[in-house]
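In the two complexes below, chain A is the common chain; its partner is chain B in one and chain C in the other.
Let's look at the complex of A and B:
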């Protein structure tokens, strides 16, 4: 950076102008050359046609032949590059920028609200810094969106003709929402100082509007993507639109909306964390380090917070894909794409291990945290164990000799780790461990707590409402299980699930009573214990039972398992908030005094989530195999085959590198204004 | 600047690791062993069961496969006979036909109604392929009887091809031009030097007579551009080392206790080598096809799509 500064400041003004002019000429001539070559191609084609025409005229000596009819083309290449690859790269880049632009405002506004409520200017500054990154990335997102639309209409005109026929009314709504988002974003960013004192809540309302418009855009675009996977509202023979509502609100729309919304927040959080990490590494003053350390912490907190429910949303989406089309579901988990989920497990493992590692490193800047460090090694062992189980494939690729040695197709021991029963159990344990890690971090500098009763009625009411809603949900699901119509010999396997849900309800009630009796810490441990025993230990065992005897029940078991874990997270979070409210501090947090390796953990989280998004984009889109619109419109282009995992790996890597390079460039541009201000 | 460069190096390292894992997993999972076995036969049916029919994603057979969504098909024949009696059908085979043609009519106890009609999109198995699968299913606890299977030919719907837009090459080509390229032996590399088509050509690689009836354009395109992605069973490259240290890569033409005959490509010419057992030190199958992988350089776009069109016309 210093070299650039030196160059910029010591180079004469004329030289700058010359460089700029040369650059302009280079770009201009490249554009001219490519258009000339295209024109040349057209001319050659025209010439050949003309020659043929002339020859024909000479031979037949008849009046001029009629002009060739207009030819409708369904597929084109992108200057020699396969159209599918071009769309893949452009669409994925657009989606990544869009995820950032949609995810960041959600927590930027929340941070601003915290700042407005607490009066702490640091939160306000942080929200503003988030928005600065946002406004810089917004234009790039829009440009990539435009490029994607042009590429789609240019390379897949036949397919886009049909999509336009179906969705054109929504395309106008999309444009209106886009205007709304642009106006709200720039209004939100540029009115920060103007509305800082008197119009803060109006400013926050602008931020909320920004989120609403952004989410509306996402919902609209999602419906097009999910229509391609699970078309609805059309005649599957002729393509006639029978119900625009069902085409829009198709079977996979809502599951994808939920998954993307949460994923965008995690994505935004980790990207912001990486930005802070790079800034921290380059910071010179202690203030700067402290600021970016704090920003990195918030980024990681947001990312991890959203990452915890993400597997549940992913499971819901996956389950609905199965329900929409068992063939597609089987391709996903048991067919061509099953191995990509092993790679997904590696990336998610990176996220959980990286997130926990950052938290543990962060504890080193907190006085009093040493009380909890002995626990970290146990959490670490659990997380690595979970990761290993998640990673184990069911079908080990064995050679003939290995198979003969083992005596069957599967490894006698590891085969148990490759099935859903084991994987569901470890995912839940992984989430519980990460949550436990976070609770340790929260109480690292806290000493003696205030009795729960000292927090007054509001604490009791908040706890009762939270626990009540959680219990209501669990009871609703348990009653739902009782009402499921199945054959009697299968139905009996639902009873243990209902019992587990009832046990959890009783455990929550006991936890609340213990908390009211000022035994909050014990109550938390009790709920953790019961949850681990029922949802992880017992349900892992029971999962194998139902897989063997009543496979149908497995889907209900997974939901019951997830529900129990979520109920534990929600109730324990609320207890924790009140438990440590006004608790005595053992020592302050020394922002800025975090080991450098923690910043690499933040970078790892960012690269891992960007790569994960690239991988999942490939899976979601690739599941359609050689269909544009699954079961209705086939992709008959030459490139319509599922690429190998290695090919996918290289393409996604390229996309990740381009995205991160563009992001770095955009952030650098956003920082230029700041530098100018500092300079003046 | 240095911290930024450190971050860049670290990022590239993580992305490189991801790409490496993808390549490793590709090696581990393999690209499948393809299948050009055609017609109504248990062998062809087995191929379809584990391949494009996607039966294996729900059904396993004994310890083969891991799917549990549908019943394990081990000993299917005797179970089908019992079910046929229960349902008043003439034979176990008729029960199997019913299960494929109208899967929702009877769902095995303990399983959900998830089986698709395999002749409908998106699987779209042709009638012949379904008959082949039936003949394979007959071997699961019984003996195949092709004649009996063929009697149900008319009960099996043809794949819903009317819904599919036929494949068209991206540029205008003539199958006849492709035929000339296919049989042009004056070229360094020619298709007919290794493939037999309608009785013409050499039998080094798989026979391609009638290939258009059983393979998709996508499969043919991939087979020419990336021949190692899917290698037809029996045509894998064999790596052979003799006791005097000489190494050969080729396709086995015949193998017996007395001798191994290997066809080796030597600068475009196929040479036959005979090895006796005492001369062979080691033999190992390779994942790489003997077919050249540079057809994108050897053929012009027009020639390439001409060959594809010609092969598709071979029905």
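Let's look at the complex of A and C:
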């Protein structure tokens, strides 16, 4: 009876939701179909042109033609849908699942190692839960990969013929690595209980092997993608392979590898965070809530941790794209793709705000955090300010009247905020502020600290080694800058950068000495201050000087800026670890007592990073414009146009929805076994 | 039991948002006028005001919801005012102001007006492949010849480009005011300093008429100079133009690994 009542009372609500969702999907597909009509129209025009040509040839041909010869085609469409669109969707979905499957094992193994070292079973269980999600997503990744390969060979046979000619030896290696990955993953997952006691380290080795095979797979596939952007090792006229090594290790390969590796970890972290958020909201018992709260925290921690170096890796990749082809670089940042970077800026801003918001809300479940909450408003103001500068475009949409009132090409806001010098400065400030939030969170429940000298020699040695390595890196880069061969009038602009690096080295030494003198907190603040003054304030100003007088120096300025910020993060982290070692606890963390708003923030983070990956995938691939292999093999199909921003927006949104739906389905499947266990 | 003090955090949030609006809308134009020594104010574009205000509201809402207590205090302002007369008046003001504000947005968004359309411009149109590898033929001549060419280029620049781009290459030529989209100010480091020389060559040679279809909307009044100047003259103009503007072209980087 109760069930019937429940059914009756819940049906209308569910029904409304279903109808609303169906309507939404219908509208979505209609809109998508109308955008794709662009492609179809192009295809039709091309077909008409072809028919006209054929008609002309028919007129001149012999009336009795022999049986039709076998025709080699270069392009086909996907059941009437443009081939490019089909590949776009399939490839992006495959990449998203692959990112999850490659990113999660990296931190699953790390969490397992922490568990094995500390003997805390919670870490072991968490690593196991990550792996459960992994094994569920793995098969989907592989299926999508298969579909993608078939689609590529089916829809672009001409292009794939050439790619196979060049890369076939690596394709076999890819297949072998795939076997390795599959065996290691299933071995890792299913031997968890078997190796729990005696063979723990063997189990961890399996996990590391899984990572190695996964990374190898990614490196192989990356090489094909970057070969298409910046081909190497082939004759650009005839296509003859001159050096397979250079075709494989092409110019953009390494920058993309680094960028994708870090991005995969961030992606995995945020997706896992969203999974935990959903589970948290559905949890009934306190234990379950506490567990998923903690899991969400770890997911956000991993995601934010990887997000911090990501802009640097992205900048490196972007800069190398400029080096590979100034034209591609200009299209990317100043041309047809520049508006997509504004969307990217919004999404990255959302990630930083969302990540910080989660941390701030999380502080409410920590007793003692109230000492640090007053700082939140200042960090918030800084982050919002950075976000505003970060998304201000160089070219604004202006009406004629506004343009007349301003009286020149650029409004000062866009003139100063819209260029790389300002954006580099604010992204560094954004990272420093987020890191500061982390430190506050970490010390929220810590009270009186032990003096640094009480930690003994090992602490001193660890601090000296870390600071020493950081200083060595800074010195190495400064010396490198001195040795760069440039024209004398440009070279002089390098010396302020060297001075900044030297200042940072001195600051690190002073910080270490202060820490040794038991003034750790002051030392951290001092290093923060110096870093902000040199890398954010001074270098923002100097960026404009360099842009005007010697833009070639801008690339060195960005690297110096990043190096200074990273050195601050590393040294301050290690000081923080020892500073709060054995510190008195004010009150424990009450896991599970986090506002639901924070869980919605985790969901937002997941949607934002999935959309971001969809968008950036489009940009990376779309930069080739109408080339299969940039500068060598042109795409002559009807769909080889650069999509408008609206068309891109619809397609990326569709991809995001499909991915999230598939992911939810796969995770639900993974949870079925557990439910059965609980039942029995 | 002591009387509970009412929280005014909602009012503080509203005031902060209004302060940000006043700064962006009314103060910034005068600040830029003074700082940049202009003879007129620099009004903030409506798109930017909209974006910045969204950010300000987002920032304020993020802040008031960072803990349950803050969020509860923020929302508590809509609870009955009791004896607090100031609160009662402020509540009424909010209740009146909110729909008025929404109504004003709807009205200003839908009322027919005569404004020219807002255009989404792209900074750099896509350079054609044939120009990508093009290099300045005078890049490797000796210093003396280079100086001579630069001087020749400066003269050619003043003869052909000055009317629009100005004698100092600052986009303030005598014809400049006649254009809706003003000629580019080359001394701005965000313009010709960000492109390679072959890009400048393409823009001078083919001008507005030579822009690819994909680069629209892009209304450029730049004429095509290929029928008036030969390639050598264009390269010399480029050399002279960068020196006149005091900026350097983007340098090609050596690919190595």
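As a convention for this text, the second predicted complex is superposed on the first by the 611 of 680 C-alpha atoms of A that agree within 3 Å, B and C clash if a C-alpha of one lies under 4 Å from a C-alpha of the other, contacts with A are read in each partner's own complex, and residues count from 1 in each chain.
Keep this in mind: a contact is a pair of C-beta atoms (placed from the backbone, for glycine too) under 8 Å apart; a residue touches a chain by one contact, two chains touch by 3 or more.
All values reported here derive from a predicted model rather than from experimental measurement.
For the three-chain model obtained by superposing on chain A, do chain B and chain C clash or fit?
clash
Quick check for you: in the superposed arrangement, does A:277 touch first (chain B), second (chain C), both or neither?
first
Taking the superposition as given, does A:650 touch the first partner, chain B, the second, chain C, both, or neither?
first
So, A:325: does it touch chain B (first), chain C (second), both, or neither?
both
Return first, second, both or neither, reflecting whether A:547 touches chain B, chain C, both chains, or no partner chain.
Both chain B and chain C are touched by A:547.
Is A:186 touching anything from chain B or chain C once the two structures are fitted on A? First, second, both or neither.
The answer is neither, since A:186 touches no partner chain.
Look at A:631 in the shared chain and tell me whether it touches chain B only, chain C only, both, or neither; answer first, second, both or neither.
After superposing on A, A:631 lies in contact with both chain B and chain C.
Please work out whether A:353 is in contact with chain B alone, chain C alone, both, or neither, and reply first, second, both or neither.
second
On the A-aligned overlay, A:597 touches which partner chain: chain B = first, chain C = second, or both, or neither?
Once the two structures are laid over each other on A, A:597 reaches chain C alone.
Quick one: is A:538 in contact with chain B, with chain C, with both, or with neither? Answer first, second, both or neither.
Neither partner.
Tell me which stretch of chain C runs into chain B once the two are superposed: 5-13, 59-67 or 131-139.
For chain C, the clashing option is 131-139.
Overlap the chain B and chain C contact sets on chain A and report the shared residues.
The overlap between the chain B and chain C interfaces on chain A comprises residues 322, 325-327, 330-331, 334-335, 339, 394-395, 397, 408-410, 418-419, 490, 547, 550-552, 625, 631, 641.
Residues of chain A touching chain C in their complex?
249, 251, 254, 322-327, 330-331, 334-336, 338-339, 353, 357, 360-361, 363-364, 373, 376-377, 380-381, 383-384, 387-388, 391-392, 394-415, 418-419, 490, 544, 547-552, 595, 597, 625, 631, 641-642
In their shared complex, at which residues does chain C touch chain A?
28, 32, 36, 38, 40, 42-48, 51-52, 55-56, 58-59, 62-63, 65-69, 71, 115-127, 129, 131-132, 171, 180-182, 184-185, 188-191, 193-196, 199, 214-215, 246-248, 250-253, 255, 257
Quick one: in the complex, what on chain A touches chain B?
1-4, 74-75, 77, 236-237, 274, 277-278, 281-282, 322, 325-328, 330-331, 334-335, 339, 342-343, 346-347, 394-395, 397, 408-410, 418-419, 487, 489-490, 547, 550-552, 600, 603-604, 607-608, 611, 625-627, 630-634, 636-638, 640-641, 644-646, 648-650, 652-653, 656-657, 660, 664
Using the touch definition up top, name the residues of chain B that touch chain A in the complex.
Chain B residues touching chain A: 1, 3-4, 6-7, 10-12, 14-16, 18-19, 21-23, 25-26, 28-31, 54, 56-58, 63-64, 66-69, 109-112, 114-116, 120-123, 163-170, 217-218, 221-222, 229.
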